[in-house]
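Chain IDs A, B, C and D follow the sequence of writing; residue 1 opens each chain.
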Amino acid sequence: MSFFDTHLLNLVVFLPLVFAALVLMLPAGEAGQIRAVTFIAMLVDLAFGAWAYMRFEPGGPEFQLEYRVHWFKEFGLSYHLGVDGLAASLLLLTVFLGPLVVLASTTYISHRIKEFHLALLVLQTTMLGALVSLDVLLFYIFFEAMLIPMYLLVGVWGAEDRQMAAVKFFLYTLVGSLLMLVALIAVYFISSPAGARSFDYSSMYNGLLDANRQLSACTAGPPGACDSLTGLAATLHTYGPWLFAAFALAFAIKVPMWPVHTWLPDAHVQAPVAGSMILAGVMLKMGTFGFWRYAIPFFPVAAQNARPFLATLAVIGIVYGALMCLAQRDIKKLIAYSSVSHLGYCMLGIFALTAEGATGSAYQMLNHGISTGALFLLFGFLYERRHTRLMADFGGIAKVMPVFTVAFVIITFSSVAVPGTNGFIGEFLVLLGTFKSDLGAAAGNPHLTMVFGAFATLGVILGAAYMLWMVQKVFFGGLTHRENQHLTDMNLREMLTVLPFIILVGVMGLMPQPFLDRIEPSTSRFIARARVGTPGATVETEQVRVEVMGLPAQPTAAAPSAPAPLAARAVPSPRP
Amino acid sequence: MNLSQFLQTAPVAPDVLAPSLWLIIALPLLGAFICGVFGKMLGRANVNLVACSAVGGAFVLSVLAFWATSDTDPESRRLLSFFVNPFGTERDYVRYALAHDYGTWFAVGDFRVNFGLMVDHLSGTLLLVITGVGFLIHLYSTSYMEHDESYWRYFAYLNLFVAAMLTLVLADNLVLLFVGWEGVGMASYLLIGFWYTDPAKAWAGRKAFVTNRIGDFAFLIATFLMVLLVGAFTEQANERDYTMANSSSQRYSAALQEKGTVTFLGLQKMAEAIPEGGGGAVMLSTPIAAGPLEGYTFGGVMTAAMLLFLLGAAGKSAQLPLYVWLPDAMAGPTPVSALIHAATMVTAGVYLFSRMSALLVLSPTAMATVAIIGALTSLLAALIAFAQDDIKKVLAYSTVSQLGIMFMGVGMGVFWAAVLHLVTHAFFKACLFLGAGSVMHGNGDETDIKKLGGLRHEMKWTWGTFFVATLAITGIIPLSGFFSKDAIFHGVHHNHLEGLHWVSSVVYYLGLLIAACTAFYMTRVYLLTFEGQRSKEAKLAHAHESAWQMTLPLVVLAVLSVVSAVYAWPLMKAPGDGRPQPVFENFLSPVFASMNRIVATGKTVALDTSVPAMGDYVFAWLVAVSGGALAGFLYLRFFPARAGQPAPAFARAVRRTAQNKFYVDELYELAIIRPVKFMSFILFRVVDALLIDTVAVRGTAWVTARVGSALRYVQSGDAQAYAAVMALALLGGVAYALIQVLQ
Amino acid sequence: MNIELILFGAFALLTLLSAGTVIFARSPINSAMALVSTFFFLAGLYVLLWAHTVAVLQVMVYAGAIMVLFLFVIMLLNLGESPTRGRPTLARIVGGAATLGLLVVLGIALSKLPSGPPPSLGVEGQATFGTMATMGQVVFTQWLLPFEAVSLLLLVAMVGAVVVAKSRI
Amino acid sequence: MAAQVVAREAPNRPMVPISYYLLLAAALFCMGMFGVMVRRNALVIFMCVELMLNAANLTFLAFARMHGDSVGHVSAFFVIAVAAAEAAIGLAIVIAVFRSRGSVLVEDIRTMKH
């Protein structure tokens, strides 16, 4: 590992922050310069991020490009970065969205330009940090810090009643994550004996692993077999479900799963185009990512018990979100609810615990980031021109904005998962995984799997129904409104902003394998770890234990050395 | 060298051609790209050139590929176009076929999908139809769309459609086929809504896509069931099963690893391994041991999958209960109706079942359902067609009806006849549609046949071709339609499904009724349009004949719909016993070989391979003629005679019902669409807005605020009060600690 | 009965007495004076505890600097006589009661302690324990950082006091 | 030197038990606390606080003596320093409050602004 590789992730994460400092020095009046600098920052970050993605070797160790130094070693904290396949993919998605978000807001944001771009850069850093941090507390810090810039984006640059939406978004997400913090600290204390305690992902997971295996072993046994457990296993048996619930709630709100999704439509509707893009593109994935990385591996047994319930919620989310879309009059709300539906697929794929399902879910995360991000982006352009979100105010736009229409329709097809677009791969794999899964068995009757699958597949119909309905209302028919008759088509900048999305839609639809290859190793590991929870699981410890680089040698910091006993000290003679 | 030798020496050797099969798809795709992106700047002539040459090129390649499928070495007379079936033993060859695998599309876990293309006689035939008819229709369109300013969009879509359709046909596995399956749906969505400024047309496009999506929903589930089935099969099968299918376990699993789970060849092998009486570990009645399908039998799951495929096919091929989109699809330009909604896309269902014939014949129940659905659809559509006055609507319903006939054939196991009818139908129905288009073109886009008439003298070419095509579809000797339809009816009549013997006769007599109806309404359309006097309400005083780009395809198609009758003639000798065999059956026998093997072992269907006797021909002919004659009598003598007199009430009632398509659309609107919309609205208002958001979320906030304002009064601001509290706390803490220590 | 015990008893008694005066004296001046004497007696106790340096500091800093500060303030505000206890509000009653309760509890707790004599310091211990040298050694090696922090704190306090007490803020 | 050591050694056993000191400290602390509770004059309250601090100091030193570890002394030293700071700021505040309200009685100082 060269120096560059060692610090690659640091670079990717903190580069936006460095540029933020640069932007801070620029005079607030220089809008152009500020935009340019931010854009360059995002581009450079994209370059590094892509490089990191390339450097990630699917066949290699689980976590790569690791970087680890001491940080509050009294509490067993360490500043520890590293990416696995999923994190790398989401990291790529994040850095990919960065420059486009800046481009998209060029004319959209007209006041407090400097602050806006500062918020964007800080947000980028926090999101990337949350993705790559391997120290759970570090993750939590980034995870929470993310809220602040996003809160500002919605609350300052949002639409008419932005305040309400921002506060709702903030509190909603905070509730869950505070519970998670409590659970986190609990895990910190139980996972390892005093002195050996650490917030590091590996030590936390490995600390819980044996107890989890005992627990799953005894769940296979006769009822009440688990009451004879001792030590950590007993603790997990009693409190594991609650800890899992705390984690799950935090991430479920972030995803969002039904029924804690109601912050999403408001936040999306009120947020500026950049906010919507990032929210849909990356932030929602933090929830699924959290389930994948923390909630389920830490408490496989509890997760196993909650699986049917959560899978049901996911399926409800798919159908319910789609039905909601049919009831909307507001385009942004519709897109937001479609996110609920799509994220339902991601969650279902995760809970299916099959290679197809989990990989498809991860892929669906990327797809959703691209297609929904692009939808928000495109609608942002329309909103800039017309300043209304109601479908009724549009109609026949295709006549005056042909290029825009083409782009929108392509993205729509990607969103309704027409084969050949990226959406299809993810959705197909998730559904296939669901059908192959043992969800039904976990729910009591193997055949229930079919029910899960069938209801999830309903989303395929409804998805087409609502998206095309919206497309027709907005683009087709006669130009009834006078305001719409002189709309201008997309200009060069806007085309350049949309083009990457469209290219990716095609590329990820026709050549998904390079992406899947990077996801797959972490999929298999995730499934193995989740399988620890299945009653009577026979998972080898070596197979699932998390291996990370150790801490560097003791640093020579000015830490107080222990006081020597009096007697040991040389006695100064009072007088010669 | 004689004809057969000429046909058996391909200009391009199969092994040379196979790797470039992708070009067949790529050419139209490229054309679509060029027309779509640069069309506007290229100008009309260039766009026409690009579009037509793209499809023309695809046609040439298809001919070469088709030719190559029967390429034989002139000396050793040994067939060159075959390849080893990866799922079979080393010497299990797939004959009369060439295939090429372009590597992984996506592979996860033990599931894999490859870009694998295959041309055998079945897909080869469809290749020719698609590209050939497609080319003619492109040519036709160059003139038909000459006044439309967004012609480039049109040709882009059309090329896109051709590409998708070719993918559907060339795919060697279910998922890749699904790409084409949805692709054609997408293209037809775009083309139906081509004149999007008219909300009704855009709405029709959406209706088509969503209805198709319902089918795709079933298709997907069926695909997943297939995956599960293959998994269970590989778990439970023993060597005996594999040897029955002329394969071996390691070969089979290796092929699954390498080629993917849902390859047609693999599914065929599985089908060959599991019929009853084979005596292997896996039979139709064997319950599945583990997994989500635990406890169900292989046969049961197969039936379920096939029924789901039927629903999918019903969506694409406009069968009950999903046929409603097709008549509305006539909103698109007429050539589109000819290509997509008559010749190619709507026949995808028939192709699917022929492709999976080996699986279908495992389940008599599914076959019976297919046949009955086909018959009912066909009859319903024919009845509706009686009362339609829009020429395109009539043709649309007749398409639905003809597709129903094909489904009857598929369902009763006469796959070859169904495919033959598919081909002939493509010819004469395309001819009819294009003729209708030419009529509209020449009469100011008038589509109401009541307002046409007497065109015979003004549009000679159109009239002639339309006349021929009408005869063909009506089923008049010696045109193609007669033979293909009769081949189906004959097979339907003489094949018998295991345990469901009543089906064949029921379907057969329904078929005869349908034939009569078809003759009736087609004759009606023809007479009202071309014969008699020109109507008073005609838009133009005099119609004008169309340009050669439009008439040439008409002529070609008319000729084809005559000569393609040859395929149904029993000129060949059956490979086994020397009995006479229709050309097309003989020609498709390699495709349906495994199907026949399964039937031989499984006895699920009693296939009858006799050829129709002269008596059958005469009978069928009489049926058709009687229908036509009745129509002729009514519309030439009866109605003109009593013009002006009101028709009796019951007649008007019947007519109105038929005209309103038996209110099926209204029924769906009432039974499905409204409830769903209503439910979504209620859910949004009640659950989302009220329960979750207001009660749960805002409720929490409200409670918090109340509690806060209640606790405010504790904050008196008196420092000593706070101190007192602290003191109490200290006291409590210390006391507690003391107690703890003392105990 | 040895001298140390006598000294302890005397100092303790006087400490408590003057402390009581601090609490119950009517005028602040008296309280302040009583507090000074408390400090002196405490210093004596410190000496008995072998903590010479702290005793010295006690006298210098507390009795010297801090009390002078108090007296200055009292005079600056020239507060006259003030009633010892105001109206016995609920808070005061509760607080007082709690305090007495605390006293009782602590008494019980401490009375449970083994009342043996403290260990002998040993020879060199007696030579060094509590001397300026030892304290200096400890303070300036392992407690250096806190020491500097305290110095900073004092500086801040000084500045803060000036700012807060300035007539026009 | 040895002679000196002998001279400094108090020969007469037994000495005062540490618990006495602790008891005294407790009493002192409680008295200070009582004062804080009942007095109205902010200045006097301050003085009571000083009393409490001293009680704490006494405890520190007692324990230091008990363990023969001079860290206790250091702590006491720091406590004194902090007490000085506290007194300075506290008294400054008292002056400021007196300026603004003309009273140093705690019950007159209930609201932050006025």
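Descriptive notes on the structure:
Everything below uses one rule, namely that contacts are C-beta pairs under 8 Å (C-beta built on N, C-alpha and C of every residue); 3 or more make two chains touch, one makes a residue touch a chain.
Just so it is clear, the model here is predicted, and its values are computed rather than measured.
At the centre of the protein atoms shown, by the Cα-centroid criterion, sits A.
Comparing chain pairs B-C and B-D, the larger number of C-beta contacts belongs to B-C.
Averaging C-alpha coordinates per chain places the centre of chain B 97 Å away from that of chain C. For this pair, chain A with chain D, the centres built from the Cα atoms lie 55 Å apart.
Look at where the CA atoms of chain B average out and do the same for chain D: the two points lie 94 Å apart.
Chain C and chain D, compared by their mean Cα positions, are separated by 3 Å. Shared interface positions of chain A, i.e. residues touching 2 or more other chains, are given as 563, 566, 574.
Each of residues 718, 720, 723-724, 727 in chain B touches at least two other chains. Across the assembly, chain C contributes residues 89, 91-92, 95, 98-99, 102, 106, 122, 125, 127, 129, 134, 138 that each touch 2 or more other chains. Listed in rising order, the residues of chain C touching chain D in the complex are 2-5, 8, 12, 15-16, 19-20, 22-23, 28, 31-32, 35, 38-39, 42, 45-46, 48-51, 53-54, 57-58, 61-62, 65-66, 69-70, 73-74, 76-77, 79, 82-86, 89, 91-92, 95-96, 98-100, 102-103, 106-107, 110-111, 113-119, 121-123, 125-127, 129-130, 134-135, 138-139, 143, 146-147, 150, 153-154, 156-158, 160-162, 164-165, 167, 169. Considering their complex, residues 104-111, 175, 178-179, 181-183, 186, 189, 193, 196-199, 202-203, 205-206, 209-210, 213-214, 216-217, 220-221, 224-225, 227-228, 231, 291-295, 676-677, 679-681, 683-685, 687-688, 692-693, 696-697, 701 of chain B touch chain A. Those residues of chain A that touch chain B in the complex are listed here as 168, 171-172, 259, 262, 320, 323-328, 354-356, 359-360, 396, 398-399, 413, 418-420, 424-425, 428-429, 431-432, 435-438, 440-441, 446-447, 449-450, 453-454, 457-458, 460-461, 464-465, 468-469, 472, 475-479, 510, 512-513, 516, 520, 523. Of all residues in chain B, those touching chain C in their complex are 718, 720-721, 723-724, 727-728, 730-731, 734-735, 738, 741-742. Contacts from chain D toward chain C in the complex involve residues 2, 5, 8-10, 12-24, 26-41, 43-44, 46-48, 50-51, 54, 57-58, 61-62, 64-66, 68, 70-71, 73-74, 76-78, 80-89, 91-96, 98-99, 104-105, 107.
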